[in-house]
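Right after this note come the structures.
Presented sequentially are two complexes of chain A, the first with chain B as partner and the second with chain C.
So, the complex of A and B:
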């Protein structure tokens, strides 16, 4: 393998990893605060991709600009799902809560996926922007603009989320609830509002990932569970307590997958994430990006 | 909930014999009825019910008794189907291929169970979901075609044999769940469902009990996969790995009643009969309806049909 193609593989791994990262940060945020695992996270990503697709086709809006519409739409869908479904799960405590959240969101996965198949047809959709083929050329390595833009947005969003969580009042309320919801409630935080906001933020992060997926890969009603799986594996790699640690873990998974795809074979690249998942559980169950 | 599982036998001489007699009548019915009708759609319907009883009971042993929710039963089903069919097509006698398929599912289950069961929380659920999806994608990418029986196998095809295999499997699976509940092991298994920490503190070897439940569960899911591979003339190689197999097992157990012996049986009969009707009238959307039904049962009525029946019976007793 030449140096150029190695660098190219590495960079594409980073590009994919950016999408993984932003998808996983959303899941990890919801898990960290609501203490429930949302298997339907990938379905929200899929819906975000579709919204972007329709905005592009009907309004002719560039997918990156379409985020201004996609994020609010998914934010509202997140609010609605929290009210209708997840509120009933959040009430439970401990193991029962995690278990029921897994079951309920697994059922929800099936509902959203089948409604999407019925409403959007099973065809795979993708957005071809006018500059799809264009890109920077650095020392024989191509950097397509769509991919570069996606990675840049993922980075900016992660940094913004960091500042939101640590510098603003609602953000601090979210972190306090994640730390200890009883104390947070005693301190006067309306934790139900925090839960709602957190879930809607998680859905918005999924929507950003979905927009990136539809400009680079394509979206069909059945892709949701694949993205959920990636995000779940990344959350475990990062360590379940580390919300923003999911981003570097996503980049890591992207790079490792790209390299193993190149060296072992593309058809087996999915296996590597699972192997990493099991290795981390055996060797470092607290995760790679936690401090203790 | 532990008692509920054993509540099938209640007091009173009449009651004492009513249960076993009912079971015998039911077995005689499912044994002779399809033979009397002798129609292809009846054989197939009964086959599907038995296959789903095995899958539901298999999931129930793990989640209903031991409290460990698997989100990847499709992996065990798929491995069973894949190994059985491959060996059988290669000329190994079916009975042997069938057993090896079941054992292969157990081997795979141990690979996921051993590392994830050491930790509490959702790791086992994530691990099983991961295995199922990774296997499905890997199979669909490496073998993206339809697997079809060869000419001689189709010529020798006999649907009743398939049905009686699935019936036997459903009976054996339910019997195994019954024996497990009557055994010493059940004390540890049910204890770790109720409170893992307390079970460990009172000396239950948690990992060993979880692995035992997983081994039994994956064995029967793998065998069910083998029965599917034996019955279907052709299917896409990744079809047995579809997450729907997991979902159906979950739904059946919850409809019937989680953690009860009769639950998966009642659930499978209800599920298959309703599904056939819905699929006929609504097409694809029926899956969404089942999804909503599942969410409602988990949130509002986790006891399922068995608990509903118990409640009705109790309210009659009072009068």
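So, the complex of A and C:
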């Protein structure tokens, strides 16, 4: 394998990893704060992809610019879902919470999936922008603009999220609630508002990932669960206590998958990712990026 | 002295087990009031009920400067100026000392004066200044209690409630915590304290209540209770003086 094609493979791994990362950060955020696994996270990603698709087709808006519409739309959907559905689950404790949150979010998965099948047809959709084939050529390595833009956005969003969480009051309220919700309330934080905001942010992150998926791969009503699983693997890889650690873990999985696809064979790319997942579970069960 | 906190006929349960039975007590402005009693008497439940963490209550009312608290959520009670340092400290472990303190000043009221309060807390506990960028869970037990105390002060309490602040700490640290309570009280903060170290608590407190099996079993000034043989026998491990062989 030449150096160029190695570099090409590595970069494509990073491009895919950026999508993985941003999808996983959303799941990790919701898990870390609401302490429940939102199985419908992939469905939110799917919805984000569709919103981007329709904005592109109806308004003729570039998918990257469409984020200005896609993010608020999914933010609002997230707010609504928290009010109507998750608010009731989040109050439960212990085993009851775990069981109910899994059941409720799995149920929601089925509902959203079928609504999407009914509203958007089961066809796979994708966005072909005018500059789809174009890219930067760097020392024999091609960097398509769509992929490059996606990775750049994923990076910027992760950095912004970091500053939001550590430098602003609403962000600190989120971190405090994730650490200890009782102490957060005692400090004067309305934790139910924190839960609502966090869930809406998680949905927005899913929407960003969905927009990146529809410009590079494609979206159909049934893709949700695959993305939930991928994001879940990454969250566990990073360590469930590490919200932003999910981003580098996503990049890592993307690169490992791409390299194993190139060196071992495309059939095995996901297998190697899962082998790495198992190894991490055995050797470092607290996750790669936890500090505790 | 005006009545700051009023607990009137409060009853509360944990699941099917009733933990508080018709508890009434009051804390006046400027006082240090201690609550002593054996394990499982309901002291922590009473603290959590006042702070809004234990809901719903079976009956009774809690008022603070005239405002009814019994149906308010915890965050609204914190906004009123009642700050609880919970048992076991409950810090934000993964966040830094500074972040813990900043979150302590989350309410709008406290936020405005954050910089000054922070300086006051650092003056009170210089060790926290040194360790301000360290994560809370890397601190020693004593430092963690100081941080919990400091975090509560950041919320500008008018009533500071502390649940077992000396539990599990070395004697020298306990001394420091009691000194700080005294100092804080002298600066105008009313203190309501649950403490297993009954002797030390009664020495500090102006008044105290004894809670046994979820009921108020006695009350008096700290001095009076310190001299009371029944109290000494039950909570300070002393035999009554007349029974002692001389």
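Here, the second predicted complex is superposed on the first by the 291 of 292 C-alpha atoms of A that agree within 3 Å, B and C clash if a C-alpha of one lies under 4 Å from a C-alpha of the other, contacts with A are read in each partner's own complex, and residues count from 1 in each chain.
One rule holds in what follows: a contact is a pair of C-beta atoms (placed from the backbone, for glycine too) under 8 Å apart; a residue touches a chain by one contact, two chains touch by 3 or more.
On a predicted model such as this, the values are computed, not experimentally measured, just so you know.
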Once chain A of both complexes is superposed, is A:282 in touch with chain B (first), chain C (second), both, or neither? first
Is the number of chain A residues in contact higher for chain B or for chain C? B
Output check: A:168 vs chain B and chain C. Expected answer is one of first, second, both, neither. What do you get? neither
First, second, both or neither for A:226, with chain B first and chain C second: first
For A:57 in the superposed arrangement: first (chain B), second (chain C), both or neither? neither
With the two complexes superposed on chain A, say which partner A:117 touches: chain B (first), chain C (second), both, or neither. first
For A:98, using the defined touch cut-off, is the partner it touches chain B, chain C, both, or neither? Pick first, second, both or neither. first
Mind working out whether A:88 is in touch with chain B, chain C, both or neither, as first, second, both or neither? first
Contacts for A:187 in the overlay, against chain B (first) and chain C (second): which applies, first, second, both or neither? second
Can you list the residues on chain A that touch chain B in the complex? 37, 39, 85, 88-89, 95, 98-100, 102-104, 106-111, 113-115, 117-118, 225-226, 229, 232-233, 236, 240, 266-268, 270-271, 273-274, 277-278, 281-282, 285
Under the stated contact criterion, what part of chain C meets chain A in this complex? 51-53, 73-75, 78-79, 83-84, 86, 90-95, 99, 102-104, 106-107, 110-111, 135, 137, 151, 155
For the chain B and chain A complex, residues of the former touching the latter: 67, 69, 71, 111-112, 115-116, 118-123, 125-127, 129-131, 133-134, 137-138, 141-142, 196, 243, 247, 250, 254, 284-285, 287-288, 290-292, 294-295, 298-299
Would you tell me which residues of chain A are touching chain C in their complex? 166, 169, 172-173, 175-176, 179-180, 182-191, 241, 291-292
